[in-house]
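Read through the structure below, which is laid out as structure tokens, and then see the notes.
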Amino acid sequence: MNIPFGGAKGGVVCNPKELSRGELERMTRRYTSEIINEIGPEKDIPAPDVGTDGTVMAWIFDTYSMNKGHSVLGVVTGKPLNVGGSLGRLEATARGCLYTIQEAVRKKEKRLEGLTVAVQGFGNVGSFLARFLAEEGAKVVAVSDSSAGLYNPKGIDVPAALAHKQETGTLRGLRGADEITNEELLLVDCDVLAPCALEQVITQDNADKIKASIICEGANGPITPTADEILDDRGVMILPDILANAGGVVVSYFEWVQGLQEYFWKEPEVNSKLRDIVTRAFNETWHLQQERQTSMRSAAYGVAVGRVAEATVTRGLYP
Amino acid sequence: MNIPFGGAKGGVVCNPKELSRGELERMTRRYTSEIINEIGPEKDIPAPDVGTDGTVMAWIFDTYSMNKGHSVLGVVTGKPLNVGGSLGRLEATARGCLYTIQEAVRKKEKRLEGLTVAVQGFGNVGSFLARFLAEEGAKVVAVSDSSAGLYNPKGIDVPAALAHKQETGTLRGLRGADEITNEELLLVDCDVLAPCALEQVITQDNADKIKASIICEGANGPITPTADEILDDRGVMILPDILANAGGVVVSYFEWVQGLQEYFWKEPEVNSKLRDIVTRAFNETWHLQQERQTSMRSAAYGVAVGRVAEATVTRGLYP
Amino acid sequence: MNIPFGGAKGGVVCNPKELSRGELERMTRRYTSEIINEIGPEKDIPAPDVGTDGTVMAWIFDTYSMNKGHSVLGVVTGKPLNVGGSLGRLEATARGCLYTIQEAVRKKEKRLEGLTVAVQGFGNVGSFLARFLAEEGAKVVAVSDSSAGLYNPKGIDVPAALAHKQETGTLRGLRGADEITNEELLLVDCDVLAPCALEQVITQDNADKIKASIICEGANGPITPTADEILDDRGVMILPDILANAGGVVVSYFEWVQGLQEYFWKEPEVNSKLRDIVTRAFNETWHLQQERQTSMRSAAYGVAVGRVAEATVTRGLYP
Amino acid sequence: MNIPFGGAKGGVVCNPKELSRGELERMTRRYTSEIINEIGPEKDIPAPDVGTDGTVMAWIFDTYSMNKGHSVLGVVTGKPLNVGGSLGRLEATARGCLYTIQEAVRKKEKRLEGLTVAVQGFGNVGSFLARFLAEEGAKVVAVSDSSAGLYNPKGIDVPAALAHKQETGTLRGLRGADEITNEELLLVDCDVLAPCALEQVITQDNADKIKASIICEGANGPITPTADEILDDRGVMILPDILANAGGVVVSYFEWVQGLQEYFWKEPEVNSKLRDIVTRAFNETWHLQQERQTSMRSAAYGVAVGRVAEATVTRGLYP
Amino acid sequence: MNIPFGGAKGGVVCNPKELSRGELERMTRRYTSEIINEIGPEKDIPAPDVGTDGTVMAWIFDTYSMNKGHSVLGVVTGKPLNVGGSLGRLEATARGCLYTIQEAVRKKEKRLEGLTVAVQGFGNVGSFLARFLAEEGAKVVAVSDSSAGLYNPKGIDVPAALAHKQETGTLRGLRGADEITNEELLLVDCDVLAPCALEQVITQDNADKIKASIICEGANGPITPTADEILDDRGVMILPDILANAGGVVVSYFEWVQGLQEYFWKEPEVNSKLRDIVTRAFNETWHLQQERQTSMRSAAYGVAVGRVAEATVTRGLYP
Amino acid sequence: MNIPFGGAKGGVVCNPKELSRGELERMTRRYTSEIINEIGPEKDIPAPDVGTDGTVMAWIFDTYSMNKGHSVLGVVTGKPLNVGGSLGRLEATARGCLYTIQEAVRKKEKRLEGLTVAVQGFGNVGSFLARFLAEEGAKVVAVSDSSAGLYNPKGIDVPAALAHKQETGTLRGLRGADEITNEELLLVDCDVLAPCALEQVITQDNADKIKASIICEGANGPITPTADEILDDRGVMILPDILANAGGVVVSYFEWVQGLQEYFWKEPEVNSKLRDIVTRAFNETWHLQQERQTSMRSAAYGVAVGRVAEATVTRGLYP
């Protein structure tokens, strides 16, 4: 994404669901204390992933800050809004998907308005993506959650689906659409398919039956390598996860910047800056893909690895 | 105001008017030296109040910076412009009053243009407020300073009043208006009354005679608690000081942010960001006031206390 | 320029052209190590000058950062883009010249469009300046590099000249213009003359033959003091180097600010902020020049020295 | 005492006896966290006083050290031996008393061996002092604790008294001595009287009945100012508390030095260094007392205040 | 050993013998740079072990010091004498063995003078130990190196053996003693046996044939657990390695202390302090062994684990 | 001297005698403030030289300490005793001379007792040296100050000379000795000559007339290079200044160590440690002188340069 914000993973081997809130807090604070020399606004900046959430980030922030003697907003991202989180972070991944789809459609010299879309998953990514796409004029023909899929070739009423989900906790039972399975959703007739739920849902078994000409990987790794090849041969444009769903990380970066500046941006500003970065990254990928006549996925890796390599050569190895 | 910038007070027991400039400077530098571990851009950030001014802030800034070995702009606010102060800070409190009055008028579904206003006090707050209100089209029917009040139901020529004050040091003698007392000013017929001079000028003695339907507390505490109740019962909308005159603190916060970023904003940018923050704070207060059917003052305290309480719960108590 | 970014010079006595790349790197890293307590984002911030370049800055950045244990973007400016440089830095000096010329023309109540310009030098400053002036509608009647000058009173095709220079490494041989010498270039009939190559090219020998009414010092010191007096007496408006070619330093300052904020600006934003600062500086100089009835050069020094003196008085001398 | 180790007091308003161990630990850690910028091996170094003990010091040490990321032995004194305490600290105050008595006896050109001594109090100061005096050959004719006093003009068997106290928790019931009250103890016939229990036990009521010619203030303030004058007039040599019972502070200082050096002294080394310092302080006081013909108490204050004044003049006042 | 100096191991997976000196130096400096936040005089202090030596320590010291901007003697131990090493470090392990043997002999109410000793190994530990024992009057009846063993029941001329080894690089060929194997050496008739060469040389196969009544483990782990039991049952006193050969670590600790103090001790002072610590540790072990009626080895572990446990309880667990 | 304490010089160009005390203090504090990043207990440690004294050192100490927020004893040496100076520093240079003379005499297999000595200069070095030599039993046959020289082949009464100088400010007029000039003093019949006053007093003009067989350079550079050669050829043993008068620097080093340890040594301890270091340095020089058959001066340089070279090779050059 060409932002000064790298990545790594670390954690504690435990099942947070088996810990009391008190145990979880004490463990988080002890862990923070143990790694306190390795983290910091200028070093490594934790962010939540599976098993942790905003509350855990707030504890890390508080433990670190109490240790330093003042609030250090830049030490973690994914903080709740009331202790220095960023506006727009919740919807950031979905927005990133939207912007890559918009760019992809533009490259195909089409307009998003009127295109048909199927979105698998109705969580933080899928539900917001469906809403944003509908707002932009696309026709969302299929959505699904873990309990049910819904299909209506004339378009689903997304606000109604969001409200139904909100009220009942499930998509099942929404009127004005036929029920389908999550597997069937992938194969419906649509221009854009956005698998935003689980890994490895598009495999060699169904890859040749997919009708969409653009697939946006809202989830991490929804397409197996074999399926990837099949789709590529068929000329389907795949928007790879490291590009399509990087919106969350970009807004984590924004949260860090806002913390460093002690100044917070309004939501439209966050979204606009996100769009700039996603669009730039899309186009760098696109140009490399055109130049090397390869897939978007290979091009995305090419851009990323090339950037690190180039910087390493420029800086030199020392000591 | 929902800015990451808290507040406390501290000082030296002395009468600065009895000290020579040299004594004042040495005392300021010694005091800074004594509290140097407690202040800093990430800890506690002094700002001028009664008895100190920009020059004293410059000495604090210089003492701290010489101690650290480089200029630390973020250690104090209220600095003179030539050593890192912020544009727009002088007029900031008056602007904050203006913005809250504008929002209040909007909630009453009126327009500021043509409304009648009386402004008590013609110092840093009152004179700028009168000017800004006149520029926005309001009819300023009464102004006053410590020497005299002026009243003209058809509107006072504010630029002329500013020029007269500038030249003569007093409002007394301005032509085109009747002279009144400061007490009478509070009771003139007007839509908006802005007491911007002293504490406790509106009391149980005159509260029921006030004709304005909006009172904007430009000064700190111009209304006694008893008067507050009387006015509240009468349906007068009071814009409480912690909301109405917070503009100065907000621009102190902006000065700190600019110092941290080592990048300075143009004056319109300062004003626009100030408007955003004041307007947001007004509306949060308004919504709570509506929801709880209470006064704006109670609602303002409710918002403030609620924000701190919520953040404390989120962070937890450690150690 | 009224930016919080001072200046000084330092270096190593050596001929970098006689050193191997390895020697240059080791010497740079050792030198950085020796001065490491004197430099830093809050202290002294190196930038490239004759004999050093972006690569050397990258080594300083890397040495300093490895010493501190994390990337410290703000420690040097002039870094290559892939390790934290600023967009627009390359063209910054030329843009600064453009903006001062535009302001000067405006003061003369003329429009840049249609004015004739001669630009001496076709390196980082001259070539970009010629391009920008042409894009703004000026008629570039003469350009030159170290090998040749070109003159066409009807205007030179600047994009063609840039392409020719790019391809052949020289301006010589461009069609559609007459060849002249660098000395002749200074004397051609034009409204604006921009010497952007060497020091001391306008002397008492040719000062009275210059036909331009505005001279923009793109180079450092192209006019000797004696020539300066002659031109001043003749009423030629000289845009002095400390004002006209400060664009590079200003964008160095921007690079530092972006590094501190860990957030990078898009190129139009850089240019727009540069224009604001250059225009403000021009006008402060202009006003002092008008007030004191002196030259722009004297006024520029007056503004600069006055600013430092005023800040020194405000801060006081301590200890 | 002429050691680079000053003094001040601070604390938390609470009754530690009403707190559970967990509450006491949490409160101690929070308090340490709040004052963490004020304490440290180079700043202020807490030590236990009434209401705190070695365990509380260990918590302060641990909280501070965990905050800094490594064990900081020098941050508190009075630590238990197993986390960096000093050998000999427990008996240090009593040893200090012994050394001052020995010096005083020497000035009177007598030998401690065979002198009669009465010791009031049998806690950390009195019991050790009785033991040390007996070991040095003095005849301890009276001892007491809060429950009882014992008197035997032929000398009490101190090891037996220590054993009895150890076993029964009281001196009462020890054979081979007559029971007396604490008040009577002060008036027994003896050469040296050492009140090591409570404040203000020697008053204008009993001062003229005291038979000892040397009084060693093992407790803080056992003699009232009026009694002090009476005794002084009678020619009794009073070894004042700030001199006589400073042994504990001196070994606190030694504990700090050992922590800074990360090297621990053997007990005889501690005692020998303590003797050096106490003896030097006694003699400085003695010389001033001789020179000014005043009391030992006045002389002790004179030495202390003079030392601070002299150093202040030498250093100057800055800023 | 009751010193404030813990232990851990870390390293780089490589074969230093396959690296050039330049590669070794660059790798050491890079490694130091990578772990620089984890080491330091107050954190973790490297010391040489197999595969590293004084030169490598000097590079770590230099890299760390250049990074910090001044010499930090306390960051590593085992430094060469000319960059801050300690006198007496080379012979420290052997001296530690000597002192434990002396204490053991004393407990048996014997005198070292005249006792017979066999020493296996003639490297840094064995050769110095043989020399020290001979100097103390013991009769060294057998010594060995990897090439040969020597036996003379009337005592070997140790100075001659040292000179022979020095000259020829081997013990083989020394006159005045019979040649034996390393296995035979273990079984010769002697009071004290000191295996100072390899691990696991005393096993269940030879344990019951050993004639010595005291075994001093100069090497790490020369006795297998099974052999340990056999010897214990037979009443042989084993001086376990963690006690007997800790002299090297103790003098590493001394080197650190000297570095912190910037003051260096003379060799007799080093040896005397070493003797104090080793003797104290021996006696603490001895007392626990007596109290629990267990082996010296179990007692040594008991003392060590007990000390850590006790300190942990005293400090508490935080956070 | 083999102590971890290097040397360099720096200062302010001014004549302190022309400054008022206030000017001197302010200038010292400003200078300290300017170089504050370059000095410190771990970096560069100022000490007094010509034109500065203990008071100036106290100001440096105070300025630095106030800047850091706590007393930093190790930042300067030569401090007055009441702010952390070392006992024995005043006499240290003279003591160093004494110890080198004692070693030199020993090498000649003589005893100091009864040898005749002439001492030129009666300031901090000469007067103490005369006293120490007399106390050790040498016969001081000649002394001098700037006003007069005294000679008595039977020995001068040194205590009387010290008292006379103390009382009258001059040696002139002391009874019991003949008056001579400073030039004559150098040529008197004696075993040891100690020029402790000015530079270059022994030249090619008088070198061959000197009768002493040992010359101890108490002053800096009292012997010119040519004279040095003449004396060397004549077999006179010269104790060169870098060895003979290094006692002052060694006790500066001790003052620093005591400050770091926050623990102060008694005077005999200072003297004893000084003797150890001077004696060791003498012997290292002696051995090299013997080995290389050169002068003591060359050997002293050889030892010094060799030590630095060896450490540089051991540490390597990085970066």
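For reference, chains read A, B, C, D, E and F in written order, and residue numbers begin at 1 within each chain.
Basically, a residue touches a chain if its C-beta (ideal position, glycine included) is under 8 Å from a C-beta of that chain, and two chains touch if they have at least 3 such contacts.
Since we're looking at a predicted model, the values are computed, not measured.
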Worksheet item: Which of these, A-D, D-F or B-D, makes the same contacts as E-F in over half of the contact pairs?
Response: D-F
Worksheet item: Where centres are the averaged C-alpha coordinates, which chain has the largest centre distance to chain F?
Response: A
Response to the item:
For the pair chain C and chain F, the C-alpha centroid-to-centroid distance in angstrom is 58
Fill in: Whole-Å gap between the CA centroids of chain B and chain E
75
Discussion item. Taking the mean of the CA coordinates per chain, how far is chain C from chain E in Å?
Written reply: 69
Item to complete: Mind pulling the residue numbers of chain F that touch at least two other chains?
Response: 29, 33, 37, 63, 66, 69, 261, 318-319
Worksheet item: In their complex, what parts of chain A are in touch with chain C?
Response: 4, 42-43, 256-257, 260-261, 276, 307, 310-311, 314-316, 318-319
Worksheet item: Within the complex, which stretch of chain D touches chain B?
Response: 26, 29-30, 33, 37-38, 63, 319
Worksheet item: In the complex of these two chains, what residues of chain A are touching chain F?
Response: 318-319
Response to the item:
Within their complex, chain D touches chain A through residues 33, 36-37, 66-67, 69
Worksheet item: What residues of chain C sit close enough to touch chain A in their complex?
Response: 25, 29, 55, 58-59, 61-63, 66, 69-73, 80, 82-84, 261-264, 266
